[in-house]
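Both complexes shown next keep chain A, but they swap its partner, so chain B is in the first and chain C is in the second.
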Partner chain A sequence: MCFFPLFRSKENRLTMGLPNASGDLSTEVEVDAFRRLFPLRFYEKHLLESIRPDARPLGRARETTIALALAKIGSTTMLAAIKMEVMTPSLETPDEGCIAIDFHMPPICSPIVRPGRPAEGAPVVAKQLSDTILSSGMINLKELSLVSGKAAWMAYLDIYCLDADGALFDTALLSAVAAFSHLEIPVVSLNDDGKIVLSEEQGLSDREPVNKEKRKINLSSVPFSLTCVLHKNYILADPTAEEESIMDTIVTVVLDSSSQLVSLHKPGGTVLAYTSAIQDCIALTRQRVKELQKILEEGISGMEVD
Partner chain B sequence: MAAKPGSAPVTYSPNLGQKTRPPIFKDNDLDWVRPDGRGFHQCRPAFFRTGAVNSASGSAYAELGSTKVIVSVFGPRESKKAMMYSDTGRLNCNVSYTTFATPVRGQGSDHKEFSSMLLKALEGAIMLETFPKTTVDVFALVLESGGSDLPVVISCASLALADAGIMMYDLVAAVSVSCLGKNLVIDPVLEEESYQDGSLMLTCMPSRYEVTQLTFTGEWSTPDINEAMQLCLDACSKLGKVMRTCLKEAASASQE
Partner chain C sequence: MEVDREDGRSQNQLRPLACSRNILHRAHGSASWSQGDTKVLAAVYGPKAGTKKNENPEKACIEVIWKPKTGQIGKPEKEYEMILKRTLESICILTVNPNTTTSIIVQVVNDDGALLPSAINAACMALVDAGIPMKHLAVAICCCVAKSGYVILDPTKLEEQKMKAFAYLVFPNSVRSVLPEGSLRVEGEPIENGIITSVTHGIMSVDDYFYCLERGRAASVKLSDFLRRNLQQQSTDSSKAG
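So, the complex of A and B:
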């Protein structure tokens, strides 16, 4: 398999060294070399034992935290922000607002992104996010209306990836959901020029605000997702960047809070997924949704106490 | 990526007019208070933390008031193919803004000069000969712009370089001073920067007492320049101490 005797001998020593890799520095260095040279075999050795290099069982996701609109799964970090601006609604939908979703991968997030050109996966994630959020029915666009036919909110949702280590879509969706659940809409009124302005700042406090009640957006069915990597018969939930690059078949399942399927995404890959594999992915996602719901609730209530 | 295909509606922010404040400092107006209640020669409290981004070789997060930045350092790694051979290492810098960094959406992209200024401020402090033929990339992202953005980016970048283990002569600390009428205010916030008559930024290596970059714009008198430089140098040495403490804390935490 390998033409270089140097590599082969190292590898042989490794197979002996692996089971008791504790404390011995020389063994550790060689494990690292083996991991870099034969990443797939390195992983397969772990998969046989039903464990992953970061000590997770195959179906377990990484530690997840939410603070305001910052979501962290393992070391993957996403920051989302919503800016509300006013627009004139289109003629076909006079009493609906609009949501514009953008996903950014600035060069700080990963060694493979260089300034000047967009990151490879970013447009895919952006499209997926946009499709998921708009089709899940999480937000009723009618709630974003201000004056029918005249003015409605345009919500610009921008998600920035601050640290990329796999499962980008899952983390981005989580931060987007967190951002919407914290969103507070300012009180606005119509001024004499027919423009919508902030009530307090323009001294129009005496005038009847146009959005007296609609200060929070009701999230009806919140979408949550889980990305899995397929390799042979193994299913690895919530992959790291390394796992995603070595085993290239990815399945992303999005379920809403009542466990209804919102979307299922399998962009090709070398492994053909059988029905059973897809069903297993969905089952894993169902468990994950429960976890995420709890984490999100804790994140929101934690903020309200402060 | 608009939600409706084929339409890009024109939008505007309901936060229309800037709050109109009367011109300040025109007639020895010493009663004026800074927006955040600081003294004229008082910096904002600085918070630094290294190791913000795991996928980078080194990184740091800095927060001064509402100014928040993240800097990642990658490398030393292979230079671009088109680059000429070089005995010494190269430094490549980039500064970008998030779309929500500024009060008006998407206004923050107007800082093309920051990348080269960051490069020039750091270059003198780095031992480029320790990584020949390779490039170190320094990328900064301004999460929220609250004034004095470039000085914060520069200080944060030097911490990120230290975190990445890039050899340097010293940390680089940067502070700016705004001239408003007859008064000098240190570490200006966004609002003060928009009224300023002149600004001065000084970046230096505090323990060597060497200046790596000095820029000023606008109207200045010679005594004012002297005073402003002295203010900056003092503030830089204090900032340097805060940065050093941050590195020490990170080192002792990783030992445990």
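So, the complex of A and C:
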């Protein structure tokens, strides 16, 4: 059953359609029917040729862009926002701020999310994100302190998924990193009552701001991730939603900029991961970290020119 | 290298294991599992007719309900539910009972570290007790990496908090087969070396992770021997009673 063109992009379909122009329409219908009826076999035919239906080689991720805190990997789109609030730090950690991370999947992002009912996967991604961001040590919580024991910043990071087309965690982490990398902390000062107030609002120049040098957060050892799908002996990097639903073994590797392992997440799946597969996934992630570092740098420097 | 642990165990030593099955009357299958002071109860109801929404009706559907010791369920419990569900789906034969749902209820009795691995072991034994068709068992283990790089197994809650990183690893149980040795190997590795589930917390080097894998695999052999003995023992007991 080799009746469909290997490349699905428009140009290829045209050139490949020319020799047998008579059966062009019927071939196309048959390909779509085959894809819907036997999705796994459709994918396996491609994998044999080391190519994917969207014309990517197995190990390549989709095109990735970052604009402010809007991250796109392929068509998966996430928007991150950070809100800052002054809070009283807890007694155990009087000189540390706090970060609260949430991940939202509104009904707009995917046909399987229904309004009114929260998406099943959302709290899991949120938990994974906060584990990764907090344990990676990307943000020194001490930098969020204002007055030891009295006041510290509480940063609420909310990530909205606008289009869920696979690799949700990767895109969410990227948008979170992008949001933190151009977070600007407002200048605040202590007023006579010992409360924290915005300096600009008060218009008082005599009061010394408490966080003059702390307008930016220093990001050390930024974590980057790559999700792979395992199927038989194949490893597909950066899967789309279709690939994730057809091949159910998903491995997410998070490495920081010094190549330390922050997380290796494999929740079940039909394929058992042997040492070689894990090593391959880590090697793919190493490559991806370099790509993402470059994309992030370009995203930030692009902002500064504006 | 000798490591001091508060309870005097050596670094590869597990806490005492205990498992009993068929302890609940109404459930189709049940098991309690304890390692040290961590204790988990699991009950299985099913296969019940029909699958949940958005699930494939051509396969059996597995549903996991996590009940914490106290309070409401939050994000960590949701994550545990998802990991347990995916792990159990991968060890059960889902095509035998299509269009059915099997519910697994996990009740935490006491949490003293290595909670998720204990829950996986308990759920697995409860599935066996309920007679749900399975490809193989799953054995779960927790490995902790200390700041100085040594690895300890089956940590208590205190040790889990002190260590810089830990990994929950789930492997298939070791198989005994009439086939000649080596015929069950995949890519030169025995089948029980394959990772079903891996969850890590905290930063470790890649080498540390592979060291954890090695230690975890060694311990999983002991664990799967325990499971095998426990299952054989109780099946002979019940045949005597019946």
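The rule is short, and it goes like this: the second predicted complex is superposed on the first by the 283 of 306 C-alpha atoms of A that agree within 3 Å, B and C clash if a C-alpha of one lies under 4 Å from a C-alpha of the other, contacts with A are read in each partner's own complex, and residues count from 1 in each chain.
Operating definition for what follows: a residue touches a chain if its C-beta (ideal position, glycine included) is under 8 Å from a C-beta of that chain, and two chains touch if they have at least 3 such contacts.
Remember, predicted model here, so these are calculated numbers, not experimental data.
S.K.: Mind checking chain B and chain C on superposed chain A, clash or fit?
M.R.: With chain A as the common anchor, chain B and chain C both fit in the superposed model.
S.K.: Just checking: does A:Ala126 make contact with chain B only, chain C only, both, or neither of them? Give me first, second, both or neither.
M.R.: both
S.K.: By residue count, which of the two partners contacts chain A more extensively, chain B or chain C?
M.R.: Of chain B and chain C, more residues of chain A lie in contact with B.
S.K.: Quick one: classify A:Glu85 as touching chain B (first), chain C (second), both or neither.
M.R.: First partner only, chain B.
S.K.: Go through the superposed model and pick first if A:Lys195 touches only chain B, second if only chain C, both, or neither.
M.R.: After superposing on A, A:Lys195 lies in contact with chain B but is clear of chain C.
S.K.: Counting only touches as set out at the top, which of chain B and chain C does A:Ile108 meet: first, second, both, neither?
M.R.: first
S.K.: Touching A:Asp256, do we find chain B (first), chain C (second), both, or neither?
M.R.: Only chain C; A:Asp256 stays clear of chain B.
S.K.: When the two structures are overlaid on chain A, which partner does A:Ser136 contact: first (chain B), second (chain C), both, or neither?
M.R.: In the superposition, A:Ser136 touches chain C alone.
S.K.: Touching A:Pro57, do we find chain B (first), chain C (second), both, or neither?
M.R.: Neither partner.
S.K.: Check the residue A:Ile282 against both partner chains and state whether it touches chain B (first), chain C (second), both, or neither.
M.R.: second
S.K.: Could you tell me how near the closest CA atoms of chain B and chain C get once both structures are overlaid on the shared chain, in Å?
M.R.: Superposed on chain A, the two chains' closest C-alpha atoms are separated by 7 Å.
S.K.: Looking at chain A, which of its residues have contacts with both chain B and chain C?
M.R.: On chain A, the overlap between the chain B and chain C contacts is residues 126-127.
S.K.: Can you list the residues on chain A that touch chain B in the complex?
M.R.: 75, 77, 79, 81, 83-90, 98-102, 104, 106-111, 114-115, 126-127, 130, 134, 154, 156, 158, 160, 162-165, 186, 188, 195-198, 201-202, 241
S.K.: Under the definition above, what is the set of chain C residues touching chain A in their complex?
M.R.: Listed in rising order, the residues of chain C that touch chain A are 54, 75-76, 78-79, 82-83, 85-90, 165, 167, 172, 186-187, 189, 191, 193-206, 208-210, 213.
S.K.: Which residues of chain B touch chain A in the complex?
M.R.: 1-4, 7, 9-17, 19, 52-56, 59, 70-72, 74, 77, 94, 96, 98-100, 105, 137, 139-141, 143
S.K.: Over in the complex, which chain A residues touch chain C? Could you list them?
M.R.: Checking each residue of chain A against chain C gives 112, 120-121, 123-124, 126-128, 131, 135-137, 233, 248, 251, 256, 259-270, 272-276, 278, 282.
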